[in-house]
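The structures considered in this document are given below.
Both of the next two complexes hold chain A, though its partner changes from chain B to chain C.
Entry: the complex of A and B
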């Protein structure tokens, strides 16, 4: 009895006792022995995923710039063909670099300069006709980037020789291509430089989980990119998910004028996201990523590890996309239901990313004070 | 008989004469804290972010008339609120300032449920009390200006009122922690503390599975016991050290802004009057020979305050009137001092459909809501309904006739996997948000035992 009373008096001791009891019944699947090195995860993502993505991007924009300048010395079918190939390559590199819209990329406004669609062809034509434009201004946001090139390279003449002739007769188009390529190249190069000269170091050292931390940014910005630029822009909006008429809007498809790459770009876009999530390099080397962090936390979904569930959803979406019988420009019209299924698959991925993953990691979504005690 | 005796004892206690200094110190601390809160809020750009930028605001039932005042209206409102706070601290036109502060502050808090915080509720309640507490009878500009007479003594009533209120905040916060998630699973702290695994030296502690238990249990014990330890003379100094330690810790670990410091300042009221007299004399107060003394408020006000206190004791228990798990449906969650209790997140996909549309339209929430609003809405049923009503009006204006608004909502609570939150076949635009149980919230498919 005395012992009992003295135990009651010693709250601290009581805590320890109860603690031991509770620890016994600990049922979380977390790996209690280890501890996760977020810094090495961030280092891997920075050095093997993000910086290489910007490296490839700025290399391709350099090529685009050189090839558009080449047109000034006389355009030819060959040059146009080469430019078209480089354009596709650049668009592909973009899919792997687009989602890191923070730090240098957001300083440079990369997302708005590179690949917003649909573009306004009248705006592009008006600019070229007047010859008086500054592509860096916000007013030109619908007349620039890889999607403006899509129109200029595929929307005017389909035959390369015809287009080469057209350019020769209308050198304003060549100037516009050069200006546009210069803009993209400057932005990509500046972003790469931002990363290699300082930002990379602060990125790998911001190891918290608050909103200013690197993980906080990867998750918050990454999910926003996934929702807005992957799910909505690439498939949802063109398939008519957001319009009250319910009818498909093929003009909203990425690379509409090319009409043959949008399927591939959607798949690449999802893969680009997975590379960040899994910490994988483009050559497939596996490194530490968000998946490993989830593994460490022991988060499950329907009895399986959450990271497997996330990858499975994304693989499903990729397979469904590849199974479409035509490029998205036709598919949103002819296979609207299948396209809506891809949208739903991505929607379900959002649930896992935005709800389960974010919550398991305790990531904050806002700077504003939360309730405290 | 027993009740009679209790009433007698209470009435003796509250009439006991003591120094007016604690009230003045509380007034000064409160005013300065509020002023700095408002300056901080302003400096962080939150006035624009929370009260000017949003296109839609989540109103409280019966307070739909509380509307944001735009730019520069909101800035003027905050400026007024700050001026009132300063006037409270200075004891300058004190009664007018307390009324002004209470009204402006409460108006701001009623603008949007998104920004509900228990500590804002506490501030509104404390401001309401201050209206009836003559805390300007010591060390105030009102005395200097001859607006009121200095008064050295007061019935203990006012100080007891403040101590009761503060004690209640802690005690209810402690009661709310007596549940299986908090005590047996150490959730949500198990999730939150992992955020600090990268700290040098102590990082590995935060990655451990036992530290959350220490924090959970000591947090609950602290909240439940601290009001009593603060009341007892012998334990008070240690208890106050615990107050400082506890709140500084929470300030470091969690993004909870000014609240820890407000509590550290406010709990000074538990110290005996002589302590506050010393503070005032250090501040350079001069005491004049005076016969004036503070009186009890009128019986009408005393009864009013008593009823309000009883209301506050009962109101947090209203959730027992609702079937299901409180943490899940959140009916009866607000205004109950449930602080830092859950890691809850969700996402809501809204659909608009009518007879003419070939397929439902998928609403883009971002078009209307800020990320914070979207996050808060996704886990709180009454907000889900409010947004559906907004969408109905919006799409009717767009020419969609008789729109049906449904939502697919997925929510995770304290580390459980996400599950569907509400019946996705219910037309939310037809649901009225009321005190009645929200049957369309799907049952929680786990159990949390406790209060």
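Entry: the complex of A and C
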């Protein structure tokens, strides 16, 4: 009888254990997290960080499209100046939207289309000269997006009136600007619509920590973005950290032809990442983010809370960037050591994120390319 | 007591079923066999303890394709030209050692098994040989230390973190088209279109006479044919603990997180083989249906997987074209199961949507291919994760 009861208890336990194991991926609790409310965190990040970022991006590309179309009715110095201002604004919005390269953004290929650099100016010129191009094809990836606009708005003529005249005499450039803005606007708008028409709900409800979960995607895609597009593209490669000779490569700087916004864009890019990490809105409202999750887990690094260590590294990188005496185009040459220090702060952020944060959260890094054949 | 056990078992099965969100709509039913034991590994013996499993001919063919692939891959190193005749001699296993190009001898060959159950088999073989010719021809144009391939120019394509891969002027990598294509036209085709058919393992096939005990062949004809089907899936009797490193074993493992294919396939091979040895034809036929169904899902899921990878690497010529070549090879493989879920015309249409030039592809085209496949195979809920 005793054995019978004991067996019955164990069977009951077994059933419960089976339930936990088999349903773990959809469970909002989760073993290592105790009762941290991951759904609230995802909801805050979706509603107050990601969707507003796409909303702003979509609005600015709409403006770019309208202003490039305006050039068709007669270009002028004023119109060119306005377009240059809007371009900078769009580039800034991009820094806050770029890192969410999953779901709708991934289906649009946003990261490939918006802001890869350097562009090929010969490719852009060839396209305009032939008038025969489909900017959506992979072959045109080095001739599109905000960096193609950088060349077209700043790389041909510096004086706005001169550029306005050049456009009037060469309407192929205006067509190209319109096609390019149309492409960006379509993709930004489709991404926003994807989020607001269903994806947001599945995102906030995929509350597990497994590979397909929202947290798993945020962390994987976010860190990959941080490594490739922030640390390497914006500072590491131009400062020479990625080439064997160590020679600075100023032509690889973001917005090279503009030559005055790359510092700001690096700072914005880091801040965009911190907004996700800290769950902060653009207006500074603090909500639940990865930092709160780490706080809840009590994760430390060198005796201090890990989330503080991560933010400190990123704050250091921003401060050091703002302290550079010139834009990155000059700074990577004239202050190469200082630029390498910024790179190093970002690299140390990556280690904290990729090793310490992921192991604390129980998230597997899956983006290491292991396709051996 | 027994009731409680059954209740607990039933409850846990229900839970597994209800939580298994990634399954397709109508999986074939799997009934556990009664009265005999299904082993964990692919090891079967007769009443006297004699080994009854032999799929050495299949293992020889896996090894042959591995060596063909290895030779083709050598041309990915800039400045390395390879000879088409060597590839073709290996394909037909001339002189039982691929005319000296294989590291081992065997009486088996890939060529005569390629699409062998189809009336256009010779045409298919010539297509593979034409690709071998093309691969060898473009391998002559590469120069040591140079990445000379680009849109419109055949050669080595390499990016900072992709390649080097030898590709034609359209960015197609013949190595992938041939290797993945032969996995379909030989291994998958022989398994699904030959060995797992009624002709080879149907209820009327001899299952009582040991083939040739004097020569160590203790298996019945039906047992042996089942083993040969297994041998085209993997040569690892302990799959998936081992055998996830090449061919279908590898790609089942790639899509396993979403499909659960490793266990489904291995369980079906093991259960069906045990059923044959115990003359349980009902279970054997059920397991055959599971294998036919799940293998096709593995092929389709692998194709979807590579469309996703191509989309993610869209801006990277080497990686994108490599993944598209790999995915195209798997899409092509779908042709080689008779009575496939997808028709040849539908496959042609999907391939036409992708287009021949992988440099001129768009994200929308890649996703259209992916989505047509996921629609067709009931994988819409897992297509993003594959």
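Just so we're on the same page, the second predicted complex is superposed on the first by the 331 of 373 C-alpha atoms of A that agree within 3 Å, B and C clash if a C-alpha of one lies under 4 Å from a C-alpha of the other, contacts with A are read in each partner's own complex, and residues count from 1 in each chain.
The rule we apply is simple: a residue touches a chain if its C-beta (ideal position, glycine included) is under 8 Å from a C-beta of that chain, and two chains touch if they have at least 3 such contacts.
This one's a predicted model, so the numbers in the text were calculated from it and none came from an experiment.
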First, second, both or neither for A:137, with chain B first and chain C second: second
Chain B versus chain C as contact partner of A:251, first or second or both or neither: neither
First (chain B), second (chain C), both or neither touched by A:38: first
Partner with the higher number of touched chain A residues, chain C or chain B: B
Doubly contacted chain A residues - partners chain C and chain B: 11, 15, 18-19, 22-23, 26, 369, 371, 373
Chain C - residues contacting chain A, complex: 1, 4-5, 8, 11-12, 15-16, 19-21, 69, 73, 151, 161, 179, 257, 309, 311-312, 314-315, 317, 319-320, 322-323, 326, 358-364, 367, 384-385
Complex interface listing, chain A residues touching chain B: 11, 15, 18-19, 22-23, 25-28, 30, 32, 34-36, 38-39, 207-210, 227-228, 232, 236, 240-247, 297, 299-302, 306, 340, 343, 347, 350-352, 354-356, 358-362, 364-373
In the complex with chain A, residue positions of chain B that touch it: 44, 46, 49-50, 115, 117-119, 173, 183-186, 188, 190-192, 194-198, 203-204, 207-210, 213-214, 217-219, 221, 223, 225, 250-251, 254-260, 339-340, 343-347, 349, 352, 357-359, 361-364, 366, 371-372, 375, 395, 398-400, 410-412, 415, 417-418
Chain C-touching residues of chain A, taken from the complex the two chains share: 4, 7-8, 11, 14-15, 18-19, 22-23, 26, 103, 106-109, 111-112, 116, 134, 136-139, 141, 211-212, 369, 371, 373
